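Heads up, there are several structures right after this.
Shared between the two complexes below is chain A, which has chain B as its partner in the first and chain C in the second.
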Partner chain A sequence: MNIADLFATHRRSLSVGFFILLIAFVLTFPLYGGIYRTDVLFTMLTYAILAVSWAMFSGTTGYMSLAPAAFFGTGIYVTALLQDYLPFPVIMVAAGVISFALAVVLGLVTLRLKGIYFTIFSFGLVVFMGNAINYVEADVLGRHGWYFNVVNQTVLFYTIVGLTVATVLAAYFIGRSRLGLAMRSIGGNEEAAEHVGIDTTRIKILTFAISAIFMGVAGVIVAPPLSYSNAGIAFSPVYSFIAVVAAVFGGMGHLAGPVIGAFVYGFLEEMLRVEFLIYFQLGFGIIIVLVILFLPSGIVGLVPMLRDKLGEVIAKLRKGGEGEQHANT
Partner chain B sequence: MAEAERFLGLTLIGIFGGGIYGLMAVGLSLQIGVCRVLNVSHGEFVMLAAVLTFVFRQLGINPLLAPVFIGPLLFGLGFLLQITLFRGLKARAPSPAAFEGNALLAAFGLMYIMGNAARIEWGTVSLPSHYLTNSVPLLGVNIQLNVIVGFAIAAVLGIAVYLFLTRSRLGKAIRATAEDPATAGLMGVNTNIIMALCFGLGALLAGVAGTLISMRTDVNTGIGFNNTVIALVIVTLGGLGSVLGSYVAGIIIGIVSMMVAFFWESVLIVPAYYAILMILLLARPSGIFGKK
Partner chain C sequence: MRSYGKGAKGSNMRILEGQGVTKYFGGLAAVSNVDFHIDQGEIVGLIGPNGAGKTTLFNLISGTFPLSSGEIRFKGQKLSGLKPHQICRTGIARTFQETKVFSNMSVLQNVMVGAFFGSLTHVSGAAAAREASQALEFVELSAMSTDPINDLTLVNQKRVEVARALTTRPELLLLDELMAGLTPTEVSEAMELVRKIRNNGITVVMVEHVMKAIMGISSRVMVLHHGEKIAEGTCNEISRNRTVIDIYLGEETHAGS
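This part shows the complex of A and B:
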């Protein structure tokens, strides 16, 4: 049995095996990676959660949400407000619930609107919350930002690994469920989906809210390492942009796309941040435009493309070989 | 008395400043309405023009003359972007909805590119090109001349664009393309050129707005994003494709920003925009002057 056949027949078990290996690698990383590299991996995982949960809703339904930063910031603020009163796991649950509720309200208000208005509105939420909280903090409460209690870095690392796995699994199972099918049909043609009997508004709100849970909880886990935060940091629109850019770069058609995109983005950002942050962002802008133009399925789309190309080349070589044999006889 | 005078002065500045916002939003409205591109890099064009105004100022060119150079430059840039990038996306997209999504993402990349390229070239320092800063009395309040001149230019351009869209043959073709590109194409309209013209025109209007803004406030390479936000709010508020709506909404936003700063707190200006926007979207999703 040659390798190509092996890949074809055992694809599923191979990808599960790869997934398990990857998790094992990430889980053992703090043992030999050192503190700095583990921190980088922490950031990469955070971006992966944002990108996967963004693609979960926006990638399938086609409604471009720019709200991730709003939910992420909500998570950070829930931590700031509750850290002295509740244990950490409870805060995570609280942030998830609050993000879910916030997304439901936002969805009820906006998801009946056309795509463009939804995008504008969702982005408005980020800017609105950031500025409004900034005002309440500075002028009503008279304080400037919040300091976070110290939480064991190793515990946080494993928590974010767990959340990443949970996000990916959720995206996987939602994708395979009736809900996922309904979402894809909304993305394909919303009117047709409605005629088939799908309650499109309900589906959109539900999945938007589910994706918000992961962003909110990610905010909680990321908060303690920040050690200090204010409205400007927590609700920075950059988090929305990263989610979108990483997911698009990686490719939204495949589960691995946003994860790979987020890993590459996070890694490069960290490597280039000190001296070349502007060049990095410039370069990434160019890459994004090129990817959208020439590689709509993202970098994971390269794999089948290269495989096909390779197959063609091999077929050609074989044919050439056969031709030679004919010539010999 | 002094309070009342200040109030009147702020209202006037709000109205005059709002005219420039309106100009900016008309450009975006053309890009969204005709080309179907939610151009989140619109503010970067404003920023580019504002910064270029400063550069031209260093070369000894009067800011009022700067649009003569910057306008065609930005028009060309917008035109090229539409016929290469966005037309390419349109040709590859399986459906109009898919195109809108991809175009938004491409505009996103563009925002990264333009903003950061400008930051590399000009840094993040303030690049002032204040002009006509002397005050003139108007209705008993002193207002800087650049504010009034800016409004006058914005208003004249707005009327010109309105007449162009409603009275000229080309304007008719543009409106037809916005309404139904496929049918317009069948009627003999070269929709690709029309869209490129509109994108270019949108960039040009953003450019003029940028120059006018740089005449009255400090600008730097980071102002693009804020202007995108303002333009988006105004377009939504005024209704897509309505020139009059954009100006009315621009003036509303201009007054609101001054009033919020006067009665309340300047950090609340942006939340106030969004509060208005949210209420309006819920009550009338197509904007004040938008078609149902």
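This part shows the complex of A and C:
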């Protein structure tokens, strides 16, 4: 059996093993990583949730959404408004429900739009929400942003780990379900999907809204460490871009892609920011361009490439011994 | 061989009926005031020059877009207002002139989608896989079921479309240029396939430019020209129809020869 076959037959156990190792690493990290590095990991996990939930809908259906920041910001604002009245877990549930509802409304309006129009509209929502809330706050309520109550950082860390695992599991099970097949059909050919009995509008709205839940709840968890937020911070379009870039960067052919992409993105962002401060975005831009140029399937695209290369090398090495094998058989 | 149809064979029930079917695109009437009917168990050929409105008529029947006026009834039930997925589930399946497959899936998965979503009954994963395999066997593509769909030739992708349509358990199947680009041997095979589908109790309407196929298997032929129905009848009647010969077949040609 050669290397390629080994990979193929054990692909699933390899993936499961990878995730278990990763979870074990992440769970124990605060014990030896120190506060600063744990904070960086916290950010990386946040990006992972955004990237995985983005890929769950957009990667599968081909509808490129730039709305993640709208749901993420909704989570932050739900926290700001409810933190004095409700316990933290209830706020998380509330943010999930509100994000879901918001996504349903947005979906009803926009998911009939195709291609670039949907993308632009979804981005418009982010800008609109940021500006509308800013207007209400500054001109109507006469206040400037919100301060957050302190929540134990260790609790938040393990909460975001839990949400990351939940997001990945949701993406995994949806991917294998009828819903996932319907989404892939839409991505493959929407007109054909309609004509073989798929209610494409309903499926798109439902899955768009499911993916929004995770983004909204993530907003709740990242809110307390911000200490202070306003509409500009909460609805920063950057979160939309991070979701897209991390997913594409890591690759969407495999569930691990967006997670790896988010981790690498979060790590590089922090490292380059510390090292170069001003130039980090330039350096990061160059890295992304290089990856997209040479690895169109993202970082996970490296795996089959290396596997094939390795297989070739081994096959070449074996060729020498082949004569003897033939003699034996 | 599994039977795909739900309806009884041989009865003269009108499975599909259109009255004053009209579709405007801007000021242009793509289909203009067409009356037609399809009887259960028929193979009806739909012919006409390019731009005659044949595919538009298919799109109207399958709900791609609404009629400008007129109405279409399937087994007595009005189809207007129904979306494509609902029309599929009532029992009308179709293939496409420009092949539309799920490019990101295997051949088997493409066909399974039809089994999962195409009918009103809930189908388990195992049952869907079984139905899809049977449908692929029916169109003689079993050997390629695990291949990525994009590895298949266009000709074979069209057969996958047929298999996918069959797993939705249709009573009426609309075939849009199944035989375009086929070699004469392949045309004969495709004709045999269409007969086999009809023998399973499924009524077939086929848009086709391959005259040999139309004349060989249709029980009736309808001719569209500039969106209007200009003739209708048996293959013999159509091949001798003066208007059809002038407008469509050309003055020198005799169809069916």
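Keep this in mind: the second predicted complex is superposed on the first by the 290 of 329 C-alpha atoms of A that agree within 3 Å, B and C clash if a C-alpha of one lies under 4 Å from a C-alpha of the other, contacts with A are read in each partner's own complex, and residues count from 1 in each chain.
Throughout what follows, a contact is a pair of C-beta atoms (placed from the backbone, for glycine too) under 8 Å apart; a residue touches a chain by one contact, two chains touch by 3 or more.
Computed from a predicted structure; not experimentally measured.
Chemist: A:N189 contacts which: chain B (first), chain C (second), both, neither?
Modeler: both
Chemist: Pick one for A:R178: touches chain B only (first), chain C only (second), both, or neither.
Modeler: second
Chemist: Taking the superposition as given, does A:V289 touch the first partner, chain B, the second, chain C, both, or neither?
Modeler: first
Chemist: Tell me which partner A:Q281 touches in the superposition: chain B (first), chain C (second), both or neither.
Modeler: first
Chemist: In the superposed model, does chain B or chain C contact more residues of chain A?
Modeler: On the superposition, B touches more of the residues of chain A.
Chemist: Per the contact definition in the header, classify A:G197: touching chain B only (first), chain C only (second), both, or neither.
Modeler: second
Chemist: Output check: A:V303 vs chain B and chain C. Expected answer is one of first, second, both, neither. What do you get?
Modeler: neither
Chemist: If we overlay the two complexes on their shared chain A, which of chain B and chain C does A:L22 touch? Say first, second, both or neither.
Modeler: In the superposition, A:L22 touches no partner, neither chain B nor chain C.
Chemist: Which chain A residues are contacted by chain C in one complex and by chain B in the other?
Modeler: The answer is residues 188-189 of chain A.
Chemist: So in the complex, the part of chain A that touches chain C is made up of which residues?
Modeler: 178, 181-182, 184-185, 187-189, 191-200
Chemist: Which chain A residues qualify as touching chain B in the complex?
Modeler: For this pair, the touching residues of chain A are 62, 64, 109-110, 113-117, 119-121, 123-125, 127-128, 131-132, 134-135, 138-139, 188-190, 237, 241, 244-245, 248, 278-279, 281-282, 284-289, 292-293, 296.
Chemist: Give every residue of chain C touching chain A within the complex, in rising order.
Modeler: Per the stated touch rule, the residues are 62, 64, 83-85, 88-89, 93-94, 96, 100-105, 109, 112-114, 116-119, 161, 164-165, 168.
Chemist: Show which residues of chain B lie in contact with chain A when the two form their complex.
Modeler: The touching residues are 32, 38, 85, 88-89, 92, 95, 97-98, 100-102, 104-106, 108-113, 115-117, 119-120, 225, 229, 232-233, 236, 265, 267-268, 270-271, 274-275, 277-278, 281-282, 285.
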